[in-house]
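Take this structure first; my questions come after.
Should a chain be cited, it is by its letter among A, B and C, assigned in written order, with residues numbered from 1 in that chain.
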Amino acid sequence: MLGCSHFFVPAVSQSGQEGRSLLALLFELQDVGFEYERLPALRGLSLEVAEGESIALLGANGSGKSTLLRILDALYFPSHGSISFCGQHLSPELLTQNGFALSFRRRVALVFQNPDVQLFNPTVFDEVAFGPLQLEWPREQVLSRVSATLELMQIAHLRDRPPYRLSGGEKKRVALASVIVLDPDVLLLDEPTSTLDPRSQSQIVDLIQEWKGSSKTVITATHQLEIVEDIAERIVVLEEGKVSASGRPAEVLSNHELLLRANLVHAHRHSHGTFEHSHPHLHSHSKHEHEH
Amino acid sequence: MHIPDGYLSPSTCATLYVAAIAGWYAALKRLKRLLLSRVVPLISVFAAFAFVIMMFNLPLPGGTTGHAVGVTIAAIVLGPSGAILAISIALAIQALFFGDGGITTLGANCFNMAIVGSLVAYATYRLIAAGASIASKRRVTAAAVAGYLAVNAAALVAGAELGIQPLLFRDAAGTPLYSPYPFGVALPVMMIGHLTFAGLAEAVISAGLVAYLQVADRNLLQGSSGVPVGTEVPLATPVQANSQRRLWMAVALLMLLTPFGILAAGTAWSEWSPSEFARPGSPAQIGTGANVLRGTIPSGMQRLANLWTAPFPGYAPSFVKSAGFGYLLSAMFGVGFLLALSLLAQGYLERRRATRYSR
Amino acid sequence: MKRGGFVESTLIGFTRALSRALMSEEIARRRGLLQSLDPRVRVVGLFALVLAVTLSRRLTVVLALFVVAVTIAVFSRVGIGTLAKRVWLVVLAFTGVIALPAIFITPGTSIATFAGGSLRITAQGLATATLLIARVETAVTFTTLLMLCTPWSHVLKALRSFHVPQEAIAMLAMTHRYVFLLVENASQMFESRQSRTVGRLPGPERRRMTARTAGVLLSKSIDLSSDVYMAMQSRGFRGDIRILSDFDMRVWDYVGLFAFLCAGSIAVWTGR
């Protein structure tokens, strides 16, 4: 199921090396730069992702998280630097090769921040079936996999519903269903819990934990610090298009200076009687206890 | 301007469907070559946008409101091929889903608004905006004029299609089977509504959108600027030599329509013109029995008919005896005129582009 | 014009569009005649009848087809009241106004005169006006029945099996889907402006406001299209859209098809 060795398609080997053994590195980005409408979104970004890792990509809006995810999903290609997947350099030419494309698109899945972008088919069923159909699965397999996935995500009752009649939470679930129907190995999630109510949020977090457990590679871009420890074993912080920190959650989250600088927390100021102080603020404003 | 089912005869509908399908086919082929697989999402979303624009109740100078079509901004941003498809799709959805416009007449409506409209809008815009910088005021004016002309051109063609119905399609008793209004009525009525409200609405929204884009999103104006675009895939391409082929095609289609007139018997063009009413002893078709009009011309009709004065009254130069031949001559003259105009415009644009190269 | 009048009328247009879609969804779920037929039969059959309406030269035949339309509506559990309100009255108002002058200006045998002879009604004028109205009403009724009783996705899949190019189908599907999103966006923009508008704005300001709304919508649309394109690619789209077509013709469908084509042919034959 996993492993670059399973991914390796001999015909497209670019380095000419046959029989590559199990590669530890899934993604390797070296000094990647990317410009969007002549403004730099990523600059000199280097990153390594190993198989089976669960990473939380932290950064304020505009730090380049979405762009990075799209580069990982070979939707954008770097203007400088390079990105390799299982040792193969990702380029537009490579993605035009049918064999590689079919394999890559199945194995790597991206869930967009705005579900409306991902729900472009007339009904929920059509949406979930889109991926398998484009990847040329046989008809019977498509039907059975789609039904199973709808059941799994508890949206079977929405089967014939058009997307404009879905609530926010339902849209997110359909969007997720539309990618997990392919049983991908790598899941790239762009702000999966933003705009969701607490219960839907925790459902998503549960899902991510399941994927973590089944040794899929999960990269989640988020700015919600409270879920990070549940969904990731490693945090990568992005600031202005570069990686500014990478480490275990405990380390990164205790580095208040870093968090402030990266605009992930704000200094919260309040007063107790005549005593006023400020401190970095990680949690929601509803419950607030601290010592001083 | 959306013509419902029942106003056009089956043969008219079929002819215009053929013309429309030819236009769609050509546009799709060209777009696929330029945009590859990006065609579907781009055209779809733009069509949805056009659809919504058509629903806007636009406030017009003078205190009234009107509805635009959106064909001009489509031509400016997407180019003529993209506009043809996007507007056609919007019209199809309007017809199927909202009953605006018929399905037998969808070909006609698409030909009028999406094809004729796009071509006129694009040509006019390019002509007037030629060489102007992206942010210049001239582009806004160009958009306004292009919008006005495009909508009125579409209305003209629609009026012609409607006007020809009673001449060609009548039953034995002389009852018109489809649209009952001949040219002398259909054309002025169509044109009045569009020269005033609809044309203005389209001009207003096109100019407004170009002005907005100049500030907010200049990239979208790149495609039709005549200036070489950057490394991104352009949404439209600058005028190239093969656009002349497109014009030839449009011209050929226009010529195809003229034989309909030749089919009509008698002095088709001048039938039912006010002078016919006034002539004592008019043919039986007009006022059998006592000439109840007593030789007077309904003054309203007189005024309406005078609004529509073509260079060739009666469309038959007097030295020609046969009406059919007169038709052909008039058609060729009209075609030649258009062609000459376009070639001049082409030459002007080429010269402009050669002397001006800026980024 | 009252304050914010044009904004309000635009918003009304939006809500009407949405309500129509919802109504059609509900009717498509009912168990009626049309709903029981294969979507392809519905498309072919109803289109054949619209064609018959256009081909007939006699008023009686067109009226007979109207009766057929109403019968189909009743058996498909489409409320006559709904049809009357949403279709027939609207068409009558629009086409009626257009057809009215024809009664007076069509040349032919006069059957009544007014105002000392300067206004007269001809038999041909009456005939043509009624024929026009009848045609439009009947044709629109058939089209509306198709769209009320058939989910949009089924209409598209039916078209696909008639070899309409897959790009066209894909574009029709996606446009329809995103119309609702854009209408919602535009609605929200208009609503927020309406509440902020105090007193009457001068004309140029109103036009600027509308152009700005349209402009924002346009930018959003182009961005949306880029994102949708990426989402499609991400799931394997490489240029050809493949869809699942799972319509099966049963005996009942063939019966229905036969009935439609018979009715159409009879109409054309007797109406020629």
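Everything that follows uses one rule, which is that a residue touches a chain if its C-beta (ideal position, glycine included) is under 8 Å from a C-beta of that chain, and two chains touch if they have at least 3 such contacts.
Keep in mind that what you see is a predicted model, and the values were worked out from it rather than measured.
The interface holding more C-beta pairs in contact, when A-C is weighed against B-C, is B-C.
Think of the whole protein's Cα atoms as having one middle point; the chain whose own Cα middle lies nearest to it is C.
Centroids of chain A and chain B (each the mean of its C-alpha atoms) stand 49 Å apart. Chain A and chain C have Cα centroids separated by 42 Å.
Chain geometry summary: the mean Cα position of chain B and that of chain C are 22 Å apart. Residue positions 152, 173-174, 176, 178, 181, 224, 228, 232-233, 237-238, 241 of chain C each touch two or more of the other chains.
Looking at chain B, one finds that residues 41 touch two or more other chains. Each of residues 120 in chain A touches at least two other chains. Against chain C, the residues of chain A that register as touching in their complex are 70, 73, 75, 98, 101-102, 105-106, 109-110, 112, 114, 116-123, 126, 129-131, 133-136, 139, 142-143, 160, 162-165, 178-179, 182.
On chain B, the positions that touch chain C within their shared complex are 4-7, 9-10, 13, 24, 28, 32, 36-49, 51-53, 55-61, 63, 65, 73, 77, 85, 89-90, 92-93, 95-99, 102-104, 166, 171, 173-181, 185, 204-205, 207-209, 211-213, 216-217, 220, 272, 285-289, 292-294, 296, 298, 301. Within the complex formed with chain A, the residues of chain C that make contact are 22, 25, 151-153, 156, 173-174, 176-178, 180-181, 184, 224, 227-228, 230-238, 241-244. Interface residues of chain C, counted against chain B in their complex, comprise 1, 5-7, 9-10, 13-14, 17, 20-21, 47, 50-51, 53-55, 57, 87, 91, 95, 99, 101-102, 105-110, 113, 117-118, 120, 123-125, 127-129, 131-132, 135-136, 139-140, 143-144, 147, 152, 155, 165, 167-168, 170-176, 178-179, 181-183, 186, 203, 206-208, 210-212, 214-219, 221-222, 224-226, 228-229, 232-233, 237-239, 241.
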